[in-house]
Amino acid sequence: MNHRAVPIERGETRLAWLLVAPAVAVILLVSLVPIAVTAWEALHAHDLRLPWLGRPFIGAGNFMEAASDPRFGAALVHTVAFALISVPLELMLGLALAVMMHSAVRGRAFIRVSALLPWAIPTVVAALLWRFMFEAQTGILAASFQTFGLVGPAFDWFVHPLAAWVPIIAADVWKTTPFVAILLLAGLQTIDPALGEAARIDGASPAREFLTITLPLLAPALVVAAAFRMLDALRLFDLAYVITGGGPGTATEPLSLYAFIALMQRLRFGYGSALSVIVFLLTFAFALVWVRALGRSLSGARS
Amino acid sequence: MKARPEAVVPAAAGALLLAASLFPIYWMVASSLTPESRLFESRPLLPTAVTFEHYRALFDERDFLVPIRNSLLVSGLTTIVAVPVAALCAYALARLRMRGKGLLLAFVLAVSMFPQISIVPPLYLILRELRLLNTYPGLVLPYLTFSMPLAIWLLTGFFRQLPRDLEEAAMLDGATRMRTLRDVVLPLAAPGVASTAILTFLYCWNEFLFALSFTLGPDRYTVPVAIMLFRGRYQVPWGEVLAATVLATIPVALLVLACQRRIVAGLTVGATKG
Amino acid sequence: MAAITLAGLSKTYPNGHVAVRPLDLRIEDGEFLVLVGPSGCGKSTLLRLIAGLETPTGGRIVIGDVDVTAHPPQRRDLAMVFQSYALYPHMSVRDNLAYGLRVRRTDAATIAQQVGSVAEALDIEDLLDRRPAQLSGGQRQRVALGRAIVRKAKAFLLDEPLSNLDPSLRAQARAELRRLHRLLGTTVVYVTHDQEEAMTLSGRIAVMRDGALEQVAPPLEIYAAPANTFVARFIGAPAMNLLPTAVAGIEAPAGAVAGIRPQDVRVGPEGARRATVDLVEPRGPDYVLHLNLDGSNTPLLAVVSGPAPPAIGAGVFVTLPPDRLHIFDQRDGRRLGAH
């Protein structure tokens, strides 16, 4: 502001800080302090099983270990690949679902409930459900794949390092497509129907109308949905832990799970903290890139 | 609006998607009512033999009421703490003039982006020091890490949507900001507050990692943890696991059925802003 | 009841936009002042500055004899009627009316009595238990007025209160407002973009443009002696004609331009010069003729009444009575006098 705050404004600002203080205090206490501690721990060698070694400062030692740790490299690849596969899938299916919800005239409530249920279910429940459906050779989906000749008779989904990803991706897509659909539906509802009508009067086919009018106007909502989903996908934990436990071996182990194992099972707090910091940096870096791209795409869409 | 031919294709695809959404849930319920011995045989889609043995076992042998109670308490307590505190903060962010508002919102958003795993170790150590491991407050505190930013984000959006001139009218009538919040803003934002509470409760109910890390025994496990840790001696007792998942889903399903409008309003409160 | 004095009041937004340039204005106790101007001229901002809903960048606001510049809206004892009426949707009409009094801890008996008498005066007694959503636009407008009246505030601020009404209701509502003002005698500051509303309602009109006051005067003076070409063309419909002084046929200092209202142009079978009719606009009671002065190819608007207007393309005679001419400076539009 280019003038001294008038007494009215000062009073309001004082009240504002008073109202904001409790929330900020809580967040500082339960989020910022632990994050800072984690960052601190990441710079030390701290193994809870070897307390007599103390907690020496080793600077970037943990990070360097991670760089040459093949299991870390594999986990990184898993995490990014998972995100790059499941998010576009969710966006496309979510868009289809949103378009359908938008044009539905009746049964809106039923559609909404059906779409919301998978999203609302605890991730653990979804994970167990999808595990069950692919289990052995007789889980219903495992059996269906066999019936359609897509896999051999003795195929065990959870023994094959790539096939084990299928239930995980399927569960994630199943669970979050409705969320994406609802976000995109809100975007669709803000598009002025007069624009589409004008296009149709001009002779555009429905496909052309969709591609040249609807999709560009939906771009901001798509970007927001994509950003939220990417952030979550990079932090994948629950589904992998429950469906495969990271197996077979470590074939389906994402970064968060590796960090969890290092921390809670092997009790290597220093190394595990470093791994968590890497997950955070990955998420943060992505968010930065995305926000910039979002900003540019929005100003482009407006012009 | 009559069905246009070009509307049929998305309608068919949409119907397929909906069926895909609902089928796993149906299958879960149907399987939970199937005797254990027949779970992995090839079965028709409609169950022929219905049994409640799994549900009985859940309550008689596994005392499933305990995790349900724990989940209810933890989710409820977190919601009761997070929503009012967040509401005050959100009103300030939505309506009052203060410097650094953008920074504060960015800060709140950034905090919610932290991977949960990053803060498990220090929280574990802190809770252990405070002797709060395996207690209710010991879960509520970590749950605030994601429920506070979520509630602040949602409530700020809802407050912003209210027409400004109602608050201005109240101020000219002589009401202070706090009085305006109480007499005008909160009653009008009640649906938004409800949406926020419902979504907060849902996120807490479904949370897994913190519950797994900060509870030590079956007396404090929440529902997701309890289900996950069912361990038969030799194999996973799928029948009981499925029955437990059904029970874990029922409260959620009821909430969705009763409040689907509120839930959608909450999910989209940010989406319709510029 | 109080007078309102604005001294050097200005408002510049942080992004650099100047909404209100430093201005001085005194609104007398009991006066009905209308702020009028095109959109974006700053009239609503000025009203909100008086209300305390915006904070000024400079200057002072004095209500009665109290400097309220530093006071929040709660402490200024002003009543405001918003364009959207801003009725509390979750409260009954009765509670809407009573809210301001309840906040000031008035006792229940006084509240009931005052709400009752205002409801009676505005003929909304049978609406008292309804919610705003159940009322028509006209009823809501009266409740909004009632909410302002019941508080017996020092002044009323009205922000385009009639613009959301059906045009057919507006004339009636205008009459109601004038009657109420005569009854209550409160100081009123009224914002509108409709110049006809300004002319019929006010004690004085304040014409604004680009954040500055162009002229503050009673309606007849604004109409008969506009301070510059902007005011001259903003007030009065159709807008005043502006012609080169040579065409108007008068002696005038160099760099001047002449103005004459279409209503003052005489058209008939005889007159000082000839013109051709380009267009005829029927308005019901009269006609607007779009004329073109022969010889100088100057457009001219004239208003004529009567049973049959001239046809398009017809030639007519036009007289510009010298005593109806206004003279303005060509460069800054300033009034130089009447002829």
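Per-chain numbering from 1; labels A, B and C assigned in written order.
By our rule, a residue touches a chain if its C-beta (ideal position, glycine included) is under 8 Å from a C-beta of that chain, and two chains touch if they have at least 3 such contacts.
Here the structure is a predicted model, which is why all the values come from computation and not from measurement.
If we look at chain A and chain C, which chains touch each of them?
B
Compare the CA centroid of chain B with every other chain's and tell me the farthest one.
C
I'd like to verify one number: the distance from the centre of chain B to the centre of chain C, where each centre is the average of its C-alpha atoms, in whole angstrom.
Comparing mean C-alpha positions, chain C is 54 Å from chain B.
Measure off the straight-line distance from the CA centroid of chain A to the CA centroid of chain B, and report it in whole Å.
Centre-to-centre distance between chain A and chain B: 16 Å.
Spell out, as numbers or ranges, the residues of chain A touching 2 or more other chains.
Residues 1, 9, 12.
Can you list every residue of chain C that touches 2 or more other chains, as numbers and ranges?
52, 72
Tell me, which residues of chain B touch at least two other chains?
Residue numbers touching two or more other chains: none in chain B.
Within their complex, state which residues of chain C touch chain A.
It comes out as residues 12, 14, 52, 55-57, 69-72.
Note which residues of chain B are touching chain C in the complex, please.
Contacts found on chain B: 163, 165-166, 168-176, 179, 183-184, 187-188.
Across the complex, what residues on chain C touch chain B?
51-53, 72-74, 76, 78-80, 82, 84, 86, 88-90, 99-100, 103-104, 147, 151
Help me check something: in the complex, which residues belonging to chain B touch chain A?
Chain B residues touching chain A: 1, 4, 6-7, 10-11, 13-15, 17-18, 20-22, 24-25, 27-28, 31, 40-43, 85-86, 88-89, 91-93, 96-99, 104, 107-108, 110-111, 113-123, 125-126, 141-142, 144-145, 148-149, 152, 177-178, 202, 205-206, 208-209, 213, 223-225, 227-228, 238, 241-242, 245, 248-249, 252-253, 255-257, 260-261, 263-264, 267-268, 270-272.
Can you name the residues of chain A that touch chain C in the complex?
1-3, 6-9, 11-12
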